[in-house]
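Quick heads-up: structures coming right below.
Same chain, two partners: subunit A is paired with subunit B first, then with subunit C.
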Partner chain A sequence: MRRRQPAGRPARGLEYLFPAAAAAGGLFTLAILAFLLVFGFPLLVDGRLAGLLLSPWEPDRGLFGIYPMALASLLLALSALVIGVPLSLGTSCVISTLAGPGLRRFLMHGVRLMAAIPTVVYSFAALFLLVPLMRRLLGAGSGLGLLTAAPVLALLVSPTMIIFFTNSFNRVERQVLLAADALGATGPQKLLFVILPAAWPGILNGMLLGFGRAMGDTMVSLMLAGNSPVVPGSVVDPARTLTAHIALVMAADFDSMEFRSVFVCGLVLYAMTGLLMLCFRLVAALGRRTRHERPA
Partner chain B sequence: MRYTIFSFMLLPAVLAWFLLPVGTGLASDLDPFAGMRGSIRIAGGTAHIPVMKAVAREIMSVNPQIRISIAGGGSGLGIRQVGEGLIDIGNAGRKPTEQEIARYGLVLFRWAIDGVAAIVHPQNRIRSLSSAQLQAIYGGRITNWKEVGGVDRAINLYTRDESSGTRKVFWKKGLNRGKIVKRANVVVSNGAMKTAIAHDPFGLGYVSVGHIDSSVAPVTLDGVKPSLQNVQSGRYPVARGLYSLTRGRPAGLVKRFLDFLYTPTGQEIIAGSGFIPVQ
Partner chain C sequence: MNGLPEKLLTIFSWLALSALAAALVFLLGFLWMRGLPTLGPELLFGHTPPLDALLFRQQVFDGLFPAVCGTLLLVLLSMLLALPLGIPAGIYMAEYAGGRLRRLFNLFFDILAGIPSIVIGLAGLSLTIFLHRVFPGRVAPSLLVSGLALAMLVLPYLIRTTQTALEQVDPLLRATAPALGASRLQNILRVLLPSALPDITGGIILATARCAEDTAVIMLTGAVASAGLPGSLLDRYEALPFTIYTISAQYGSPEELAVGFGAAVLLLFLCMGLLLAALGVQRRLSVLLLYR
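Up next is the complex of A and B:
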């Protein structure tokens, strides 16, 4: 397409603009890490780190440990994935292969709508619908706890995963699918033996993103998990995640130990998410290598 | 982010305010606002919100040029944000410490007395507890309603976050600085506490007396009902002042806002919200 503008000139501008945007995005992530390190540093060097990580949270006794919260974050995010991944995989399978065009479009629109709903709305609805139900079902406790927050969190991260999964299913090469058709494969067979194995790096990526979102969400756990700063004894017990803990403690005095421990919370959250991403990537890389080594 | 969290938590409080009847103020009390323009930013204590909202509505209805924004966040946040100059008026449901006052140069306006009362679900038969029982429940030594004469169900305990002035007063005067068991659920505003107890038939929490309505039932402490009269006479011991704070002496619009709290119309709003106005 010819325009009146001299060719090449707008493109040259964009050449710089896009990398600049990418660099800014990357730098912000690093800047946050640097910020956390700078403010958390005094606590890291004077030997109080072990106490901060391993003791319980009892400000009245001078104990500011955050491991109960770290554990709760991990537990909640994992249980959200346990519920969310099968749900998302199933939905993606229906969307990408099993459904007709009408149902597919309906589901796709539904998923996008779900992704656009703010997390407070999910939490608010759950507070009035799910919490009393859980209280009645369990017969004890307030209804606030990990088991109440997990399904809501699963619902929250599912759209991200569904969109990721569906995209990776759609990227499976047409030739492979045609070959499967030629061999007389039915829809479910094609899905199980062709599409799912070929799309698994995308599935892994989607799970990774879902996990990151589940770890990072504040509203759902703040409103539904009960916020007790103790290690939950069971899935029905109330618990406080790192993100909710930061929101609750942020308002404390600037000079207080409570406030300073918030930076360590941030660092732990950062480290935990980063480590898990690394693990996932490692698994993905290993998986790729073994697949390539397999004789064709 | 923080703003949205806390302002959302206050939704019940805001809804409660809409249901409160607000008398139209005497025109003379609102005269100082004529011709003024500008904005006032208010944040902090969540017990204050119904009064702040009602006053803001009075002022903004006679003078739409004035914008007043009100957020929650707790007393600790109110003290800190006004001290750092992030807001114009910081609300606190406890007296700031000497250290806080000195560091920020805070000026205190105590405009109401409020009680903090234990509350239960309206269907709960237990309407009276002794201090010893209350301490034992919050300390984790009593865990079942049966042990205080109720049904055989576990007590679902609710408490407030670290920043809460309501929590500090309840802990100091209601629990005699006793332990609050860590298993208790933590909610982040008076409004959220009321909502939680109103929906939990086996819950026990505590809330500013001004927030008590028919959705929750107040608990008599050592035979004294947490009523306005008993708070005013001093018979009900778990009471505190409600403070608004400024950094340095207020001037202009902020000063007029705070002065309005002490006018007859302001006092009427305070009393209408369930607090005892202070002259």
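Up next is the complex of A and C:
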């Protein structure tokens, strides 16, 4: 039998504080959604959500669609992943298997340091190093554009993915690795035939995390992507992302439709976060199931 | 024996690592070269005598002193607001919550951790507008609003580090005090929390770094280019990351740009220093960095 000891009054108060704090944290998640809905409401009713998502941004003609921004966000995040995922996968292979123990520790610390570099510092350095370079390479324009922002964003999301990939590589079952060792497998062979196939849920989820982080970043796209609110015609064109749009439309008139559109951007980003989280959990659950079903 | 695919994988992996390292070295090296010569008392205090500035006898107009003070105040305020909520909520998640409620809270905190910081800033701004309608003329974007919004931003990190640190306590140690007749609360306060303290402290330091570097939240909730030192919590303020952004957008002279590079190096040092401190304190790396 488990017997609970009588607790003093302050102690009992503490035991009420714990769930109250957790409930408050959960309420924040809902409160943010509520604020976005309430402030975006006039535009949502007026324009209908599908219309807003698919129409262009022409405030002079009364069009407050966020299609160009949504498209730019998606394009930029995807191109950051196209650059970042191979780099992160390769680096994770080195850290988890190919490097010796000394180098491994050094690299892990390096990745953590990389994760601690502020976004605004990355963007500031790239603004004065990469942008002039792009201007000279292209021979025209300001040098600001999707192609300038994408590699910097890739650099920004890489540590997240590397840490996640490496962790999932290290979680591959020990018996399987020992069996591979006993058969005389080399490091690269273990990676190719054992670790990479077994770690697919981790790889997929690392990419989801990286994608969410790339979509949600403000400073890189705000400072490097050029911010023009039209559909980009090519990868070198300037474009404005959803996050940059929120940062830029700070109209003095809080009742204007321009200002309302910012909350629709916020809602889209919020919905994306929720959706990514559900996908993340789905992949993790699928991964666990295949692990259990595999014959021992 | 390694065949062609194995060789290709090896070459590709080392190339990927080198490319990443090279990009990083180029960017940081460039920042270092341009920023390092600017470091010195003038960067912080401009033409004001440092002692007068430090004793708040004279305003600093051409240095980073107000921005550094603003960032320190902001970090302090948001941690003061976030800690009393984050630590107890983490304790609840690790020690009390179970079943469906625990899954629901897990989902909520995961979503909160994933919400882009600019959206958190937007929520802070709408809170201000809302309060402004209820109490006209009293509430405006200010240090307090930014502190609240940043507290919301780091709350999920604090909850998660506390939770994982407590869950990772050795099961033997966890069972000892209850076996001797301690209550659940006594066990938490006297045994579990003290033994998880290094990991929780590391998480708190990392959350501090997150507060110091975030730009998107504060640009919507009260940071401005030149405000001087804030006189109260309801004043607008300057902050280091926002200063870096404004200088990059509208610098008028090479001297001003040099201040921008100095500020970037300063912020980099601050965040690196905090990370190293966290690594020194922590015994195992928390999940925290994943969410950043």
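The rule is short, and it goes like this: the second predicted complex is superposed on the first by the 236 of 296 C-alpha atoms of A that agree within 3 Å, B and C clash if a C-alpha of one lies under 4 Å from a C-alpha of the other, contacts with A are read in each partner's own complex, and residues count from 1 in each chain.
We adopt the following convention: contacts are C-beta pairs under 8 Å (C-beta built on N, C-alpha and C of every residue); 3 or more make two chains touch, one makes a residue touch a chain.
Keep in mind that what you see is a predicted model, and the values were worked out from it rather than measured.
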- prompt: So, does A:262 touch the first partner subunit B, the second partner subunit C, both, or neither?
  reply: second
- request: Give one of first, second, both or neither to describe whether A:228 is in contact with subunit B, with subunit C, with both, or with none.
  value: first
Message: Going by the contact rule set out at the top, does A:165 touch subunit B (first), subunit C (second), both, or neither?
response: neither
Task: Check whether A:93 is in contact with subunit B, with subunit C, with both or with neither, and answer first, second, both or neither.
output: second
- request: Using the superposition on chain A described above, determine whether A:238 touches subunit B (first), subunit C (second), both, or neither.
  value: first
Task: Check whether A:247 is in contact with subunit B, with subunit C, with both or with neither, and answer first, second, both or neither.
output: both
Task: Kindly classify A:15 by the partners it touches after superposition: subunit B alone (first), subunit C alone (second), both, or neither?
output: second
Message: With both complexes superposed on chain A, which partner does A:58 reach: first (subunit B), second (subunit C), both or neither?
response: first
Message: Contacts for A:140 in the overlay, against subunit B (first) and subunit C (second): which applies, first, second, both or neither?
response: first
Query: When the two structures are laid over each other on chain A, which of subunit B and subunit C touches more residues of subunit A?
result: C
Task: Go through subunit A and flag every residue that touches subunit B in one model and subunit C in the other.
output: 120, 124, 127-128, 218-219, 222, 247, 250, 254
- prompt: Which bits of subunit B are touching subunit A when the two form their complex?
  reply: 2, 4-5, 8, 11, 73-74, 76-77, 80, 100, 153-154, 156, 158, 161-163, 179, 182-188, 195-196, 199-200, 202-203
- line: subunit B partner, complex, touching residues on subunit A are 56-60, 120, 124, 127-128, 131-132, 135, 140-144, 218-219, 222, 226-230, 237-238, 240, 247-254, 258
- request: Enumerate the contact residues on subunit C facing subunit A in the complex.
  value: 1-2, 5-7, 9-10, 12-17, 19-21, 23-24, 26-28, 30-31, 34, 84-89, 91-93, 95-97, 104-105, 107-112, 114-123, 126-127, 129-130, 152, 155-156, 159, 181-186, 189, 209, 212-213, 215-216, 219-220, 241, 244-245, 248-249, 260-261, 264, 267-268, 271-272, 274-275, 279, 285, 289-292
Field: Interface residues, subunit A side, partner subunit C - complex
entry: 4-5, 7, 11, 14-15, 17-22, 24-26, 28-32, 35-36, 38-39, 86-91, 93-94, 98, 107, 109-110, 112-129, 151, 155, 158-160, 163-164, 186-189, 191-192, 209, 212-213, 215-219, 222-223, 243, 246-247, 250, 254, 262-263, 266, 269-270, 273-274, 276-277, 280
